[in-house]
Structure formats: C-alpha cells, structure tokens
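Chain lettering (A, B, C, D, E and F) follows the sequence in which the chains are written, and residue indices restart at 1 in each chain.
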Amino acid sequence: MVSDIIETLASVARGSRSKSILTKVGEVCGDKLLKVERVSPSTIKVLIKADCLHEVAEVLSAERDVYFRTMAASDERPAENLFKLYYVFGIDSEGTNIVVEVPTDGEREVPSISDVVKACDWYELEAHDLMGVKFSGRFLKRLVLPDDWPEEIHPLRKDITTEEIKKLYQPQVVKRAVELGVEEIVKIPIGPYHPALHEPEYFELYVRGEKVVDARYVGFMVHRGIEKLAESMKYDQVPFLAERICGICGFVHSVSYTQAVEEALNIEVPEKTQYIRTIILELERIHSHLLWIGVALHLLGYDTGFMHAWRIREKVMVLSELLTGSRKTYGINLVGGVRKDINKEKIEKTKQTLKQVLNEYKEFVDVATSVPQVRRRLSGTGVLPGGEARAYSLVGPTARGSGLSRDVRKDYTYGAYHFVSFSIPTYSEGDNLARTLVRIDEVYESINIIEQLLDTIPSSSEIKVDSWEPQPMKLGLGNVEAPRGEVIHVVITGKYGPYRWRVRAPTYQNLQAVPTMLRGVDLADAPITIASIDPCFSCTDRAIKINIKTGKVEFIPLEVLSRGGVR
Amino acid sequence: MDFITISLISFFAVVSAFLPPLLDGVERKVRAKIQSRIGPPTVMQTWYDLRKLAVKELKMPLGGELAVLTVFLSLITSVSSIAYLTYVLITSTLNPLSIATLIVLITASHNLTLLSSVSTSNPFSIVGSYRNVTLLLVNEFGFMAGFIATLYALVRLSTNPTPLSFLAYALGLAALIVSTYVGCGRLPYDIHEAEPELASGALIEFSGVALGTYLYTHLMMRYVFSLLVAYAISTLIIGFTNALVVIAVLALLTSIIYILYGVVAAMLGRTRVDLGVRTLFTLYVSLTLCLVVAWLFA
Amino acid sequence: MESISRMYGGMNRVINYEACIGCFTCEEVCKFLHNGEAYITLYEVGGGLNKPISCFHCAKAPCVTACPTGAMHRGSDGAVTVDISRCIGCGACVAACPFGIPTIVPPGYASKCDLCEPLRKEGLNPGCVAMCPTKAIVWGDYTTIAKELRVRALKKLIYTSAP
Amino acid sequence: MVEALPRNGSVDLAKAFDKLKRSIWVFHLNTGSCNGCDIEVLDVLTPYFDVERFGIKLVGSPRHADLILLTGPITIKTLDKVVRAIDAMPRPRLVLALGSCGVGGGIWFNTYSTLGGYPKLQELLKSLGVEVDKVVYVPGCPVRPEAIIYGVALLLGLAEPKVRYERVEAVEG
Amino acid sequence: MKFAFMCRESRGGGRGKVAVVGGGPAGLAAAGYLVCYGYEVDVYEKLPYAGGLMTFAIPPYRIPRENIIEGVEDLEKNFSVKFNYRTKVFCGDKVRHDEGDEFVQNVLDLTKLVNEYDAVLITTGIWSSRKLGVPGEEAQGVLTALEYTYGWWIYDSGLSTHKPPVGKRVVVVGGGFSAVDAAEVSHMKGSKEVILAYRRTIKEAPAGEYEIRRLIAEGIKWMDLVQPTKIVVENGRVSGVEFVKMRLGAPDESGRPRPEPIPGSEFVLEADLVLVAAGEIPTPPLEGECGGIKVDRGRRVVVNSRMQTNVEKVFAAGDVVTGPSMVGKAIGSGLKAATNIDMYLRSKKLV
Amino acid sequence: MIEIDPVKCVGCGACVRICPPKALTIEVNEKETILKYFIGRCIFCWMCVQTCPQKAIKTTNKFELSAVDVHELQMELVHNTVKCRVCGKPFITSKFVKEVGRRLNGGFKDDLLYVCPTCRRKLTAKKIATKVTGVE
C-alpha cells in the first residue's frame, strides 16, 4: 500500500530532487497520504491528513533547498464541507512547488508546524484570526484583527458577508481615543506614524540600557480586507486591487495574481506580454531600490543623499509614465495580457533615459557610500546569520544579504527572465551594509536586464490573449521577485472571479525575522535595521509600534531612536 | 562708556535679534542648492514661519505652564547673553568674571530649553533631552576648555607671539569650533531634535508661540556660538581698533561661519549617541592634552 | 442534413409543451447544476398552468447580433453561450432577446443557458433533458429532433384514435 | 496629561489663516493607504517638485502642523490614532484628504476593516467635538505630486477650483 | 428519466455505502447522483416497483410509466443500485400502517440501517391521506383519492386482483392534483357521473383553473363553495354526502380567501363512492423520536440547511421534509441531500 | 478624470460593472436613469474607457481635481428611463433601446423592445400556451 503511494509520488515528480523528497514524504505519511497530483508543470499537490502534517513539515524543513513559501487557508465548505490549508513549500534547486493540502473541519485542531518551520508562525495566527481554523501545540492570539473584534466573526469565511460584518462590528475606538485615551496621549501624542517609512507601524522593543534585548511586532494596522473584497470581484478587476496592495511595488502583485490565474486556468500568454511585464517589473525594482536607498540615507540623517536618490528616481518615474501611462499603480495588467504596447520610439527613449540614470546613479552611489556616518552605522549592525535566515525562509535582498542565493527570477523563472543573463548579488555578512550593497548592486543588474530585453523584444503587436475560459476550483500559484523579495499569490478560481486569493508579500516573511536582527543591536540602529528589510507594511497589512522598556514601559516611535539611544 | 558705545551695543543687539532667522533662511537656501533644489521662496522664510507660529493656537501640555515659562526664560537668557557678549566684545572687558558670566548665560539658556522639554513629561521629549544632556556633558567640557584656551592664547599672542603659542591658539580654536558646532545642534549632532520631518524630539509637545519661541531661542544660540568663533578668529586678524569696524567684521564673519556650519551639516549623516560621545570625548581629551603640552613648552 | 442542421443551427433543444406537466423538475435540476441559478424557469401562463421557458438557442440569435464584443457567440455545437473573458455586462443581450432570456448576474456578467456545457463535453445530455419525467424536452441535432417529434406525433395519433 | 485649553476664542482664526499663506507646515498621516500617495507626498519634497518653494515643510508632530495630509481609507485599527493626531493639532486646523482612498475610500470604500474616506471620519470628528477648519479633497490614485501642490494652493485660497458638480442631460440621437 | 445524469457510467463504488429509504423521485435522484460519485447505493422500497407517487399515484397519461421504469432499470443495470422492493423500513417494533403497505414482505429496522451504512437518506414521502374529520368516514365506499388511483394502478398492472369500485355517482372532495387525478381516473374507468366538490372557487383551486376546466370539458361536474359536513351512511355503505354551502371571507395566512359556511344551507348529494382528497401527511419511517431523529408536529422530518437530521449520518429529502409538493421540488431536494451526503462522507474521511 | 460624451453614451452600464472601485454607479428610478461618476473614488485605471461599447468615455489629462466640498466631485449624466409596456417597471434607458434596435436592424417587432425581460418571458410562455392548449 505504502509502496504504491510512493510509486505514484515518483511518477508525478518533476525531477530527481522532487522525487526523492516526495518519496520521503510518502514514507513518513504512509496511508495518511491521500492523493498526489501535478496541478501544473511546476506544482505538485499532496493531500494529507492533518495528523501527519507535522511529520511532513519536519521532513521538508530538514532539506537544505526546501523553503516554506506560503500558507493559504480557504473556506471550501460550500463545495467540500471543509476548510483547506494549503502549505506551499518550494524546492529552490528544482523550481518545484510542493503544495501540501490539509483539510480540516474547523472544529478539530490542526497541529501547528511553527516549531519546525519558524516562518509559519504568522500564517497560522492569521488563519486562526480570519478563518477560524484552530491549531494545537501553540499559543494563539489575535494578530490581524483589532482586540475588541468579536470572537465568533471570521471575516474570510464564506458564510458571512461584508455587510453582515459591518452590522455586527462597529469600531468603538473613537470613543476610547477621546475619553479613555487621554492618558495615552501623554505617551504617544503623534501616534504610530513614522514619516520616513510613511506607514503606521508598531514594534515593541525591550531595551536594557543601550541594547535591545527583545522585540515584538504588534501590527496589522493597514489591514484593509483585500482578500474578502476580491472574492466579490471579476477576474479583470482584481489586478487593479492587487496593485493597490502596495503603492511602491504594486505591479509585482498584479503580475503575480495574473500569473497565478493564468497557471490555474492554463492560459498561454503571448511572448511580448512577458517581455513588457518583465521590463516594467525591473523598472519598478529600480525605482523602489532608489526610494529605499533614499529613505535609508534619510534615516541615517544624510538628507542630501535622500534628495539626490529621489532626484534620480524621478527620471525612472517619468519613464514609467511614458511606458504605462501612470507614475505608479500602472494598471496595464489583465489576466491573459497587458493593455499597453511598447513601440520602437518608446524603446529608444527608454534606453536613453536608462543611460542617464546609470551615470547619475554611479556618481551618487560613490558619494553616498563615502559619507562616514553611513558606513559606520551600517556595518556590523542588525546582523542576521545565514542559518537564521534559512529558518525563517527569508526572501529577497534580506536573504541575499545573509548569504542565501535565493532569487525567484532564477529559481522559479517566469516572465521573460529566461531570455536574459544576469547575476544575483549576494553578500554573506548579514548586516545592514550587506543588505544595502545587495540593493545597490541590483539596480545595476536591473538596468542591464532592461537593456537586454529591449534589444530582443518581439516586434509583434500581440499583447493579450483573445479569450479564455474560467473553470471553478482550480489552484494556481504565481510568484514574482519583488524589490523586497519573493511575492507569492495563491489563487483558487471561481466561476466569475477568484474564489480565494491569498497574497503573501515579502515583508510578511522578512518581518518575522526582524526581532532576531534587533536583538543585541544598539537602540539607535533599530530604525535602520527595521528599514533594512525594506518593510512594506501595506503589503503585509501591518504596522509597527515602538515600545522601549527601560525599567518601565514607554512608547517611543522609530524616529526618536534614529537619533541615538536612551540613557 | 560713552553714548556711542551704548548705542552701538544696543544697535548690535537689535541686529543680532533679527539676524539669526535671516541667516537660517540663507542657510536653507544654500542647503537646497546643495540638494539641487530651489528651497524656500525667500530668505525671509524662517521669519514667516515664526510669525505664523506666533498667531497659532497654543495647545498647552498639562502642567506645561512650567514648560512655557522655561522657554521664555531661555529666550531671555539667550537675548541677554547676546547683549552681554556684545558689551564684552566692544568694551574689551574680557576677564575671568565676564567669561564665567558668559558661560553661565549660554549654558543656562541651553539647559533651560532642555528643562522645558523634560517638564512636559512626554517620553519623546524626555528621551530627546536626555540625549542632549549626555552630549552636552561632554561638549560643555570641550567648549569651556576651548573658549578659555583660545582667549588666553589670544592674550598671549598679542603680547608674545611665538609659534608655540600660535599652536596653542590653533588647538584651542579647533576645540572651540568643534564644541560650538556641536552646541549648535547641527548634523551629525542634532540627536535631540533631528530634522523637522522626524518626531522633533525635545520640541514635540510645543505648539504655537511656545514652539516659535523655542525655535527662535535655538537660532539665537546658534548665532551666539558663531559669534564666539567669529570673535576668536577676527581678534587675531584685525585686533581691537574701532568698535564700528569690530561690529561690522563680527557680523559678517558670524554670518559666514553660520552658513559654513550649515553647509558642513548638509554633507553629513547623523551619528549615534554613543558614537558621538566617544568621538567628542576622544577629540577633546587629545586636544586638551596637546594644549597642556603646548603650554608646558611655551 | 448537415446544412439544414446548420441553418436551423441553434434549435438544439425543443420543449414539447403538450407533454409538459409543469412539475418543476427541469428548473430544480438546472438550479442544482448551476449553483442556484436556474436557466430554465417555469412561468404561470394562466389557469395555474406552469410552462418552462428557456433559451431557444435561436438560429439567427438577436443576442449574438446585439453583443458588441462577441462574448455572446454560437459554439461549434450550436449552443449560444457567453464567453466570460469577453463579456462586459452591458446588457445588450438582455435588451435584444425577444424572449427575455439572458440575465446580468453579479459581479456583472451576462448569464444564460449553455445547455450544460460541462455535461455535454462528457457526452451526456443536459440536465433538464435527462431528468424530464415526461421526456418533454428533446435535445440533439436537427435530424434527431425531427425524427423524435415525428415518432411522437405518430404515437399520439395511434394512442388517441385507438378505442 | 494633555488638555486642549479653551483657547480657541483667543486665536483669531482668520488672521492666523492669512499668515499660513506664506508658511505652512504639514504632518503626514497615513491611515492605512497603499503607500502610493505617501511616496508621492515624499516626492513633492524632493528636488523635482520641491514644495519648500512655497514655504511648505514636513514636520514630525501634529502639534507643529498647520495641515494634515491624510492618505488612506482609515482602517479601523488606525482610527483612534487618527482622531488623536487631528485633535492634537493647534487651530487653525486644516486637512488635505489625499487620493481616492482619502476622499472616498477608494477601492476599499466598503470593506469590513475600513471606514471609507475622510467624509465619514469628519462625521465622527464632529460628533466628538473635534473641529476642522478647512478641508480640501484631492482625488487621484495615487495622487499626482502636481495635484497635491494644486490642492494646497486651493486650500490656501491661492487657486480656484476647476471641477464642479455637473449634471448633464444625455442627448438623444 | 436518467437519474444518473451526471455521469456516463458507474465509477464502481468504493467511496462508501448509502441506504436510500424510499424509492420516489427524491430517493431516485439522490441515488443517481450518489452512484455517479462512486457510492454503493441500496434503495429500500415498500412497493414492488420504484418511483413512489410518481409511478403509483400520478396517472400514466401524465407521466408515462415507461420513462420511470427506464430510469430505474438504468440505475439497476448500469450503476448497480440494489433495489430492495417490498421492504418497509421502520424504527422500533410498532410498525405504523400507511397506505400502500399491502406489498410489504419484510420490515427492516432503521437503526440497523444507520449502523450498517455510512449514511442513510430518508425519502419516504407522503403515504398517508388526511381525513375529512366528518362522521361516517369509515363507511364502505369512502376511499381516499390516493388509495383509489393507486388501487387502479396495481390492478391494471396485475399486481393485485382487487378491482377498485366503479361508482355510478362519484363525489370527489378536494381541489388539488390528487382530487383531479382521482376524478379523472374514475371518469375514465367508467363512472357515470363524477362530481368534483371544492370549498373555495375554481380560482383558488391548487390544481389550477386550467386543469379543472379540462375535466369539465371531459364531462366531469364541478361544484364549488361546498364543504362536506357528514357522510350519509346506509347499511354501512355510503349513500350520499351532506354538504354545506360556503362563502368567501377575509384572506387567511396563505393569502387565499377563507371560506365560511353559510348556516342552514346544508344539502345532501347522493353518491355511491366518495373519494376524499384532503391532502397528505408525511410518513417518516419512525414514530415519535425513535433513534433520535426529530420530527415536527406535522410529522415532517426536521433537517438543517444541509438536509441533515438530528442524527449525523441520517439525511432526509423530498416530501417527507417539505410536505406535499411537486415532483421537481422533490427531485431538487433529493439532489441537494445527495451532494450533502457526498460532502459529509468525503469530509469525514479527510479529517 | 474621465469625460462621458452625452451624445454617444447610451447608459448601458457596462462601465459601472467593470469599475473596480465602483466610482461609476447607475441609479434607475421612475423618471430617469442617472449615471454617476464620483471622481473622489476613481482610481484612473481607464477600464471604463476600454470597456465602453459606444466609445463614449474619453480620458483627460486633468489633474487639478481638488475640491473643497466632496460633492463637487460628483458628475451625473441623466438618461430617460423606459418603463415596461406591460408591467410599468422602469428597466432601461431609451437610448439603449434605440441602440439595440439599430444593431438588430429591426430584427423583430419594435415594441417588444419596450417590454422588460420578465414580461417578455411571460409573453413567450403565454404565446406558447395559447398555441398548445388554446387557453387565452
């Protein structure tokens, strides 16, 4: 019986790596493994009973090249009478996703795997919050929803509508703020607002003297209920919603979403579309990295650098407007294609601008990195060793700064990246400087990639598939290397629009490792350390509050820390 | 003390009262140029800001009467320190007593603002103030050493100019420049206040007139510090001749130093409080040691 | 025969209203197959008599003519269906259909009988055809339908004329 | 303890408003936006648009601010902080509701975790006795830097509004 | 009728065993769905043929029997559904007698089925006619409409040798489909005069104006606004029905005008056969609360939105849940129950 | 912002159904059908422009859209409502009826276009019933 299962496992495997890993999964699960299927060339779905989830997680996390990518909880009671949890593990060396599908009825507890897969911590809390799935073997608390949210309302469940939720829960915070909050005003008169990162964000830092002893993240301030909203939308409306997950790197979300839907529905996208998407993605990376470099310099007090970084960035913004019609939230992406073509004239213009950007950028980087305070405060702070980075399945420049050569563009290639040659800058120090240098180098690579793509872009004008057919209840994964790291979307299709859409932004993964980075850091370097993962809280639906513990608990925003420590 | 001297002093004091905001406006323009921007519409911008703050509502922190009081007190001390400094400079009545008075006035004006921030009981301003206190503890030492050493070296130079005493003067002047620069609260040592964009540390709870006064006092202090440096330099070059010339040269030099400080600040990033303190401490101690050695050999 | 079938094109399903007893089976089965949306519904025509109305898949379908995007189209098998990826939900088909068949459903797509496309793909009959207790709904190409109807007419003749 | 003393009477709002025309300090309040508008707000400070030309300065405390740049649809979790920040501003208090989210809740106008735009917040503020002296709505998604500058100009009465409520009869053809 | 309309051929069981109690439209539709999804289905039917009221009460000129038989045979042969005819399922020892119990040869205990099968679906329908509640109803010659039409069918098909009576003057009481069918059958079988008596007017009749007009055209007499008050009995045999005239009053909760008797307007109608069609009552295979399955006051089985009864494994559908209704509605509810059984069994295996 | 051409627009509502933030809404009442455009919620994605079957929506380069009153950001386009000839319920704009009639080249009797879909079905059912059963 078990041997049969292993045989089936081997037959659906993609390569030798996935074969050996799946065999191991089959061995630990035995007859608790119910079904295996290939849902797409790069995705293998394994249906197991909840009893054996922990064993599977142990097996998978023991492999060097397997990373935990995301977990989506889905309410499939209308069709299956069950909730489903989809744990997505990726085999980086082969580019294969193993989706472990775990059904649960909402009553029985699912074993928590956050003890073996550290990165899964938030996913479980979120599933508990929004979907009402129970987990055993861990402490469950509110993560996403406000504290006074009614216990029994789980907004992402299918049997409750937005209107019903609004009827059942009205925020009472206003009353609290004015009547009860008077005392609090003493402590945080400006609230959680951090002007440099421009999002409401909260961290609680526990400090002894100058050193951060521990840090806790309290957030999800920007939780806007995107996933629920998408369930009432058309397939072609969701890209616009996806872009508004994040105003900085919105395009990655819309590409990721469309790729997920295209994978689920088997839509072949024209080659030119892939080119255009890739070019815009890289353009977005350039503007985002310049933005980050500017903000990081600003945090280090080097305002002149900030201004110049943004001056150069403005050229990229103008270029974006030329190519897409918008400065950001480009809105050119639809399922099955894009809306705007890139013609010869635009190619020429783009090349010219990029040349200018490259020259100015070189000059700027030389000057900025020679400012003494910048170097001094970046190197050696916020160290994250490679081992920790692996345990948290970190993504993007944060992982690459810790010596993990992970890049979705190479590992799980998409778009037109297989047409170009580029390198992945990796530094092994794991400190703030390493992460900064990774980003600085990536800008050069991006410019290089765009130039290569512009040289080989197909001349056809076919940029969108003619028509496609939605099929309900298909699973699709879409991943994109955002400026901040890997974005992965899980889409379960419905009749007219997505049935369930799970967004996993890079910050969601990286932010979980920030407390580790902060431990032992000088208080004054906490802001730049937090910023060094390039946090995008609106992506992650969250925010930060700073709480410095010096004997008694005080609340202090990031920016105060950026000036130094507390005696 | 004739009528002319008195009128000169009062004239200079009045100029000194109006000059700092203007200089700040110029500094903002220059900084904008460095950042390839245009900057404020006119150099009068800081004046407009202060004028606006004067008519805005004063949202008082509870128990903040003390804070407002200290802000005004520090304004008075800073104005009087300018007046007294002008008087001292013009009448050349530099002696241990006047120096001590000056130092007391300047430090008082500095620390009163800190006191005001502490009294608001807002953790942000408390943290900001504590940071500044930490910095001041080191800096005050450097300032006193530098100030006294420079003045003493100037006296020595005017009577007995030797290379060694010139060296002593240079060392003292260096300490004075560094300490006044730090005292101005400019980058990388603006850790109590940082840029206005950020949470504004020590001044977070002030609004309206109180904030205006605070900012004004702050600008005055910057002016005083620049004035001291200007005096230390100009005395060496032109000596004490005509009070009018002294005033003109001082005003010009002060402005230049003020702007120069601003330009330097625009080129640097912000330090961390431990790094800053360590750097300053090492610098001051080594300068003092050199001074002592220089004196010994002189 | 092929050409006639093409000409009559859409007439793939015929409801024999004489045989229909108004038992709601077709409506319920359709509702079941289409997630609560019934594409064949019974209307009272008077005297407590209910008869089903559904898309006729007309040969010269006005909805296809009126559709500005080509979303409403005739498939190769003769059924008039909506292409969701093209439909803009303008409601031209609703306005054009003389029988008032298409509807606009949330989140804004035209929706109408597709003769149970998933079932037909597997070689099965549409739900209403399969389950009709009186076999009043006939489905097939033109020749089958014509033959079937002729046989029935004959049977009826014999049945009624027999003593 | 902070208490807004009843001093509104002593402030000549009109005079103060007049003074604001030359110098206006803004506080940036993100209430759960996607960052798009926020980055554009930063953009207007940087060399290309450089609003310091108009005497505009970004400050870090609502106590210093004359104007709040409100971006985002106001999520339920930020709501009390938003109210407190606005309450902490000295009079005259101005608000610039930026972007589709700030003006009308944007794409999130009707989700379970947002309030849906500044007009709804204003009702709440009114019921709590927090007065705002002037509001200008600046649509855009994200709002363009030029639009922000124009919005400030409109707020200060330096420019005329260019859009008006329109009701057009369709022409039968 | 192809009950297994969701699939071409059997998927060969293996996913579980389901018992369907009652082989009417709801039960057959559910069986058809379940076999398509790979379940082994056993149908328990108390009559010798499947189809329930569809076969035994609705006259063949409405629903041709061969259509139903075709569908049942398809289920039996191609999808290996096991039909256990002449088997009544009941909970407990005291078996209630319902109409159509003549053919029952063995009685099975419901609790046994519940234990044996992975899920049980109750679709026993409405095999008990409501009485008029007037004196003399037990007399010979007073039959329920269901009994009568059903009697003719089993006689015609040779299942029974007992020929139902053909009256000279037949009075059918009621205005629903059962009444209409009984009147038409009795007319076709040679009754000389058939009178259809209803307490409201033709407009309110549940069978519909069209149907009644059709009967009138065929020669059946229509009498409205009358209500029987007494069956006149002579020598234990019916000799007539005493009616009282009615008038329409204010609308009742169903929206139809409430008929009110006109005092003193009683009259007697001669008859040698009275057919009562006053509606039917659900006949769940249990009495009281046997086995924990809840039944409401009208004997309808109580189910939740997933068609599940109090007992986790037991589902119910069709008229036994809703009360008398249309064939289509029963089929719809049977299908719904079947999907929920499928979901229930699948999810039980996965968790 | 977008500009809706009052000549070309027929009030079909395709733009309303595609608009991701529901900045475009349509209100049908007894007298008129109002197509409302609320700039304050528009995300400038131009899906309406792409979708409009009449090409009645144009984009503009206007960005100076600020207003002091949020109601100033509302634009309305008023169409005539057609009431169903049978049941009298308002269901569509008169221009849209004409447009569909034009597309159909008068494909069937014109007055049927002025009947709402539900009534059309009922009419069909009646017609069939009359043919089959003879009941009027």
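The rule is simple: contacts are C-beta pairs under 8 Å (C-beta built on N, C-alpha and C of every residue); 3 or more make two chains touch, one makes a residue touch a chain.
Everything numeric in this text was worked out from a predicted model, so none of it was measured.
Participant: Which contact partners do chain B and chain D have in common?
Facilitator: Joint contacts, listed by label: A.
Participant: Work out the mean Cα position per chain and let me know which chain is farthest from chain A.
Facilitator: Comparing chain centres, E lies farthest from chain A.
Participant: Averaging each chain's C-alpha atoms to get its centre, pick out the one most distant from chain F.
Facilitator: B
Participant: Central chain, going by Cα centroids?
Facilitator: A
Participant: Given the contact rule stated at the top, which pair of chains has the most C-beta pairs in contact?
Facilitator: By number of C-beta pairs in contact, the leading chain pair is A-D.
Participant: Per the centroid of Cα atoms for each chain, what is the distance between chain E and chain F, given in Å?
Facilitator: 49
Participant: Just curious, how far off is chain F from chain C if you go by their C-alpha centres, in Å?
Facilitator: Result: the chain centres lie 27 Å from each other.
Participant: How many angstrom between the C-alpha centroids of chain F and chain A?
Facilitator: About 41 Å, centre to centre.
Participant: Which chain B residues touch at least two other chains?
Facilitator: 35-37, 62, 194-195, 197-199, 204-205
Participant: Quick check on chain F: which residues sit in contact with 2+ other chains?
Facilitator: 18, 20-21, 43-45, 133, 135
Participant: Which positions in chain E are in touch with at least two other chains?
Facilitator: Residues 210, 213 of chain E each touch two or more of the other chains.
Participant: Please output the residues of chain F touching chain A within their complex, sorted ascending.
Facilitator: 18, 20-21, 43-47, 50
Participant: For a test of understanding, state which residues of chain E touch chain C in their complex under the given definition.
Facilitator: Its residues touching chain C are 1-3, 5-8, 25, 29, 54, 62-64, 67-68, 205-211, 213, 326-329, 331-332, 335-336, 339.
Participant: Which residues, counting only chain C, touch chain E once they are in their complex?
Facilitator: Touch list, chain C to chain E: 21, 23-29, 31-32, 46-49, 119, 122-125, 127, 130-135.
Participant: For the complex, which residues does chain C have touching chain A?
Facilitator: Residues in contact with chain A: 35, 83-86, 105-109.
Participant: In the complex, go through chain A and note every residue touching chain D.
Facilitator: 145-146, 155, 162, 165-166, 169, 171, 173-174, 176-178, 181-186, 188-193, 195, 198-200, 220-226, 228-229, 240-241, 244-248, 250, 291, 294, 306-308, 310-311, 314, 317, 327-329, 536, 538, 543, 559
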